[in-house]
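Here come two complexes built around subunit A, the first alongside subunit B, the second alongside subunit C.
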Partner chain A sequence: MSKIRQRNFTFADELPPHADGVVRSYVVYTARKDDAPHRYAGYLNAPDIALAVSLACEHYGQDEACTGIWVHDVQEITETPCAMEKMNPQDTSDTTDCESDPAWVVFGQKRRGDIHVELASLRAADSESALSRAVARHGGGMVQIRVVPHASIHATEPGQLIWRTHDQTYRMARGYSKSVRMKWEAVRKAEDIDEYRKDDIKDHF
Partner chain B sequence: MSGAANPVMPIDPCQEDPEKLAEFEANIANGVLIEPGDWMPEAYRVGMLRMSEHHANSEIVGALPEGEWITRAPSLRRKLALTAKVQDEVGHGQMLYRVSQDLGKSREDMLRDLCTGKTKYHNCFNYPAPTWADIAMIQWLIDGAAIMNQKTLADGAYGPYVRTMHRINMEEAFHFKSGEDMVLTLMSGTKKQKQMTQEAFDRWWGPSIMFFGPPDKPGCEDMPPMRWRMKIETNDSLRQRFVNRFAPAARDLGLVVHVCEKNEEGFVTQKQVDELCTPDEDGNWGFTTPNWDEFFKVIRGNGPCNAHRLALRRFSYEQGAWVRRAIASGDTTLPPAA
Partner chain C sequence: MTAMQDMLNDPVANFALSIADDLLMLGHVQGDWTGIGPILEEDIASSSMSQDDLSHALMLFEHLGNRFGLDADVIAYERSPEDYRCCDLVTVPDEFDWAVALTRRWFVAHWAAPALERLGTSDDDELNERCRRLRSEQGLHLSYLDDWMRRLGAGEGHDRMQAAMTSLAPQACMLFELPTGLDDEDHRSRRDEIFEAWSRATTAVLTDAGFSVDLTMPSEEHIGGRRGAHAKHFVEQHTEMNEVRCEDPGASW
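After this line comes the complex of A and B, so read on.
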């Protein structure tokens, strides 16, 4: 055990005070392949967007193959309430986007509990009209539509190395599946191994 | 790598608006997932907060015993895997604290309440890990138990927690498989390696059996935590499934299930073969009832490593205060010497 872990710790009665300053919450989306839609990955807390992007690359960018990351402040979201049933927008009388309006990215949630996935982008003068336009165009079959100003989304550079390209099978279940199966076969009957493995999380092997 | 707490319901659901409560319960019964903007009973919010905060705390503290072994891993691949695992566990804590934030408690308050012992983490992390074989056992048995539990939690009713569980389980699958590979390697090794593995197994079998929490109370299926699908399988059912899976696997590996007595430091002082650990005609494996007095003693903070784990967490929190200040406000005053 390292020396620092062997020491006898002594502390003041009270914890030191909270760190002052504003730490904001950011939403992170990742894309598994070039041109694949960005999918909700999770949240993180950071003092500014630059550090948020950096932390997102280190955390969510290393969980699975990843070619691009989007990050935005949670406050930038405008969304419909999460419906109990899939939406079926009746008013599809839509207007053409005006090129001078700001761009918005549309995300949709197909079922309650699902993650939000990038659907499209559009242009609208404000968040309210962006949301209603997004619902009319993309709301069918969704339980929730979310719009975020394109300018608020900070993305990694195209071609930026996020998911490292060296062999990372040591950090994935499938990196062990074959060797584990072979080792079990040396000591167990095949049907016992199959019975034992039925509680594995199979999607990830 | 953790099971979530058994959520305690501190608020009487009967105080809620009966119409809203009925609609909420009907939605749950119909398999509808609850999202943060939905109405929910206060007891549900508080129960989910406690459950996800306890889970987050467990992820953070669970990284401590394994982190100590990174520098002493027996090969580069094992070192890379253990480093990735510890990074994963802390990341799981981060994600679960975020779920808890949405339920009404600030992240800073959660980190501080963990340091001061106001909130708890999973009992199993209060046991010592003195050998590399203990790291193998933590990943095989404890992560194996966590997978069983978290697979069921991923079928729960609170959307943000369910989404987080899916993401966490993807990584737990690697943790478990890595641990399984380590145990298989050790048990196909030298006599000394096998003995070390048996001793580690003796230390961790008991905490693994207790992992799923105390025995269920009568009628627990009708109580809010299960009625509201905060958890969907009983402690005893999960425990039996765990034993059915791991007892025969251990036997086939050459490991013997013992009933152990331990000293204050968590080391085995006496052991005897668990004669109950055989299958019945239905295929259910028997096991000796865990020492629940020990379980509750550890919960109350008197386990072998409670004080050390909390002290290390608090030490890290206090030493890291200047980093948080620097990040949050640009104040780069150096910390006191360690």
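After this line comes the complex of A and C, so read on.
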């Protein structure tokens, strides 16, 4: 029997992933289709952003069919506090984007607890003006608006293979629950279960 | 002659089995790391790749099953150890040293990619299409593993990785032992081409990462797993993998 099954193993020393040993947190978004908006998928830790993209492909990229992944450092987020009510911005003083300003990607959250979804992009000189401009333009009906510098987002290559082409429904949580339910129902139908339970109840209650 | 023997006597089938058995055993062995990977993200990625490896083995077993009238599970589980064509590199015990586990997978992925390309030039379009898909997915593993190699080469894990490379290199070269039934000039020259591609690709990454490893083609006299002479660790892993199957052959899940 292998050591893992005997629960009899010790690790060799930790293998440091990076020269400075620093692991940072990254936010991951996935797109289900080529032109679909990127939707928040989760967080992960990685030694650098390039490896974060690779790890995101293996992790969040395999949760469901996926054609593109965005990753950025969690520190790059500027966002409004999460409101109790949907926002209704009245500010009409919004100015035109200046082409020489850096680009920002705007994400919005429709209800508290919902995931953040890519809404648009805009240009602004700094994070503060990017956020106020994003709220004015896209905040209606949202409870939270987030902006992230476009330059800080690392993406998979267009057309890059992420989602595997072989059948991997068995890896899906929903596939599991369906097959478990079918098995459970098959077991439940068997009469001997009822007989067993009768005895069980007689003995124990 | 049985269908199983027909398959084991067929040269293309033996080549396909050498790849499929490598991926089957690698997926099984690397699965030991599920739940105990060095960091959570790596645990998930490694487990995902192990599942890929098992699925890729299955796709080749299914092809062989269709061709020889056998069930894929029967091919995967019901051969005797000497009829497995895998290289014993895949079952080398890692003693829970991540450096060994990662290096083992890296060597195998670099072999599987060009080997699948070669297998995908057969006369059988259906097999070629399977190989094309598997090759692209093994390519994902390759770029991922190469990324890690370069980073670990630059970090303080360098010496641990170098030690793993040095200890695994002789067994990694046995990936190029010609499987039973492929002992002719044509297959030898094809094997040499794959070795060429493998050593070029691995050496490029090793140089980037600052590792130094001697990779040479094993001599013909050195008989290993691809010709059925498996190490003890293969037989142990094989017994364990087949344990449930042997309890109740043909059970459905």
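Here is the rule we go by: the second predicted complex is superposed on the first by the 152 of 205 C-alpha atoms of A that agree within 3 Å, B and C clash if a C-alpha of one lies under 4 Å from a C-alpha of the other, contacts with A are read in each partner's own complex, and residues count from 1 in each chain.
The criterion applied here is as follows: a contact is a pair of C-beta atoms (placed from the backbone, for glycine too) under 8 Å apart; a residue touches a chain by one contact, two chains touch by 3 or more.
Just so we're clear, the structure is a prediction, and the values are computed from it rather than from any experiment.
When subunit A is checked against subunit B and against subunit C, the one touching more of its residues turns out to be B. When the two complexes are overlaid on their common chain A, residue A:S25 makes contact with subunit B while staying clear of subunit C.
In the superposition on chain A, contact is made by A:G42 with subunit B only, not with subunit C.
Of the two partner chains, subunit C is the only one touched by A:T165; subunit B is not.
When the shared chain is aligned, subunit B and subunit C each come close enough to touch A:L51.
The intersection of subunit A residues touching subunit B with those touching subunit C, taken from the two complexes, comprises 1-2, 4-5, 9, 11, 15-16, 18-19, 21, 23, 44-47, 51, 59, 62, 171.
Across the complex, subunit B is touched by residues 1-2, 4-5, 9, 11, 15-16, 18-23, 25, 40-47, 51, 59, 62-64, 81-82, 84, 111-115, 144, 170-173, 175-177, 179-180, 183-184, 186-188, 192, 196, 199-201, 203-205 of subunit A.
Interface residues of subunit C facing subunit A in the complex, by the touch rule stated above, are 32, 36, 38-42, 44-45, 48-49, 51-52, 55-56, 59, 95-99, 133, 136-137, 139-140, 143-144, 147-148, 151-152, 154-157, 160-161, 236-237, 240. Residue ranges of subunit A in contact with subunit C, taken from their complex: 1-5, 9-19, 21, 23, 44-48, 50-51, 54-55, 57-59, 62, 161-162, 164-168, 171. Across the complex, subunit A is touched by residues 27, 32-35, 37-38, 68, 71, 77, 80-81, 84-85, 87-88, 91, 94-95, 98, 101, 107-108, 112, 115-116, 144, 147-148, 151, 159, 162-164, 167, 169-174, 176-178, 180-181, 184-185, 187-188, 241, 245, 248-249, 252-254, 311-312, 314-315, 317-318, 321, 324-325, 327-330, 338 of subunit B.
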